[in-house]
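Please see the structure below; I have some questions.
First chain written, first letter: the chains are A, B, C and D, and each begins at residue 1.
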Amino acid sequence: MEERIHVDCGPAALAVVDAVAFVADERAGGIAVFAGTTRRYTDDLETVELKYEAFEQMAVSEMRKLAVAAVEEYSLVKAYVAHRVGRVAFGETSVLIAVSSAHRDEAFKACRVLIDQVKTQVPIWKKEVYADGSEEWVKGSVPVLRGRKS
Amino acid sequence: MEERIHVDCGPAALAVVDAVAFVADERAGGIAVFAGTTRRYTDDLETVELKYEAFEQMAVSEMRKLAVAAVEEYSLVKAYVAHRVGRVAFGETSVLIAVSSAHRDEAFKACRVLIDQVKTQVPIWKKEVYADGSEEWVKGSVPVLRGRKS
Amino acid sequence: IRFFAILRELTGMRTLAMSLDKPEEVGVILDRLVAHHPAIGPYRTALRAAVNQEYVDEAFTVFNGDELAVITPVSGG
Amino acid sequence: IRFFAILRELTGMRTLAMSLDKPEEVGVILDRLVAHHPAIGPYRTALRAAVNQEYVDEAFTVFNGDELAVITPVSGG
């Protein structure tokens, strides 16, 4: 299983080409990719950059669990899940998901589930930095317990 | 509208990096990509390559209509739709869709609708070439009339 | 009249020029094609026609000078 | 005990070492944290705890030597 999954959480820039290169496989008929990018404008507010902070080791561990579950549930060939931390300028990619599968339906579903879960389950926090210099931590989601330890 | 849409149907290889570069935009919060790739094995049959034939001018025209409709329906920032013709070796990309939008839900939905429509509406035909030298045109879908001319 | 893919192979033709005596419906022209090229017959019920690069139904009227494309079920992707 | 993001800023701490007299439930430890660091109070009901890098519920028992992370609502993406 391990060689079919790539997970990363760090300050390096994320490139779609790397994600696609990882998941490409001669058993795959389709590759679905989602890249979350920094919007410059949200309504009228100009965002200069985003800053991400993570509990990095746990984030990697959680992303790996999510990827393993997706590979099993959707019969994926390969899965790539990465989240950047630190400053992310507008137009750059903060989160990157790529999956390959024999058929496109599984690829789309898995890609969508993975981005939704990364946003709501992984210990990563986003701070918006506005043009006027103000900063604000973005309201988030309480991670769901999934029958783990109690 | 035109500068927000890129459509192509020709023999050149398709690269995800080009599609992402086209749709990337500072108004976009998410980019969804689908790449259809040639599977080497379908069950036990080994496919050596695929050959695609298109009514190219009409294919471009139909893909453009589909992209325009998707941009409007899903409030996309940009859309890229390309299909390769001629020989496509296994592992290579035959069809490539990329869309950007403010929010990820629209990007996923539009990307999925576009690939489904490209497969069922655009005058392109696929022939599988097997390892034993035999060839077969793939069974397809009758394009749906959408209240156009009658 | 343009043919593609399997119909191109079965008929051995990429294009066929047909001069119409008078404007005719797409369905009539397709039936005439089948009569002259029986290899098309098994595909007749699944054919879609495009006139001047737009899909049309079989009641659509074709004039001399129009470009008719005979589209078997498509299988891109 | 590890703090991140807004709690790191509000408390001014990245980590806090706490030696437990006896094993205790996560919820008890979180309540004690709030008592000593009232800035955490408004976030108390939305906190999730992770012990040794796995999410746990508030009844989970923490032992000396365990690593407890206090997780405010996450907002990656």
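Odds and ends about this structure:
By our rule, contacts are C-beta pairs under 8 Å (C-beta built on N, C-alpha and C of every residue); 3 or more make two chains touch, one makes a residue touch a chain.
All of these numbers come straight from a predicted model, not from anything done at the bench.
Counted as hops between touching chains, the shortest connection from chain B to chain C is 1.
With centres taken as mean Cα positions, chain B sits 24 Å from chain A. Taking the mean of the C-alpha atoms as each chain's centre, chain C and chain D sit 72 Å apart. Distance between chain centres (mean CA atoms), chain A to chain C: 49 Å. Residues of chain A in contact with two or more other chains: 36, 115.
Applying the touch definition to every pair of chains gives A-B, A-D, B-C.
Residue ranges on chain A touching chain B, taken from their complex, read 16-17, 20, 24-41, 90-91, 100, 102, 104, 107-108, 111-112, 115. Of all the residues in chain D, the ones that touch chain A in their complex are 2, 4-6, 8, 46, 48, 50-51, 53-57, 59-60, 69, 71-77.
Considering their complex, residues 36, 52-55, 57-59, 61, 83, 94-95, 115, 118-127, 137-143, 145, 148-150 of chain A touch chain D.
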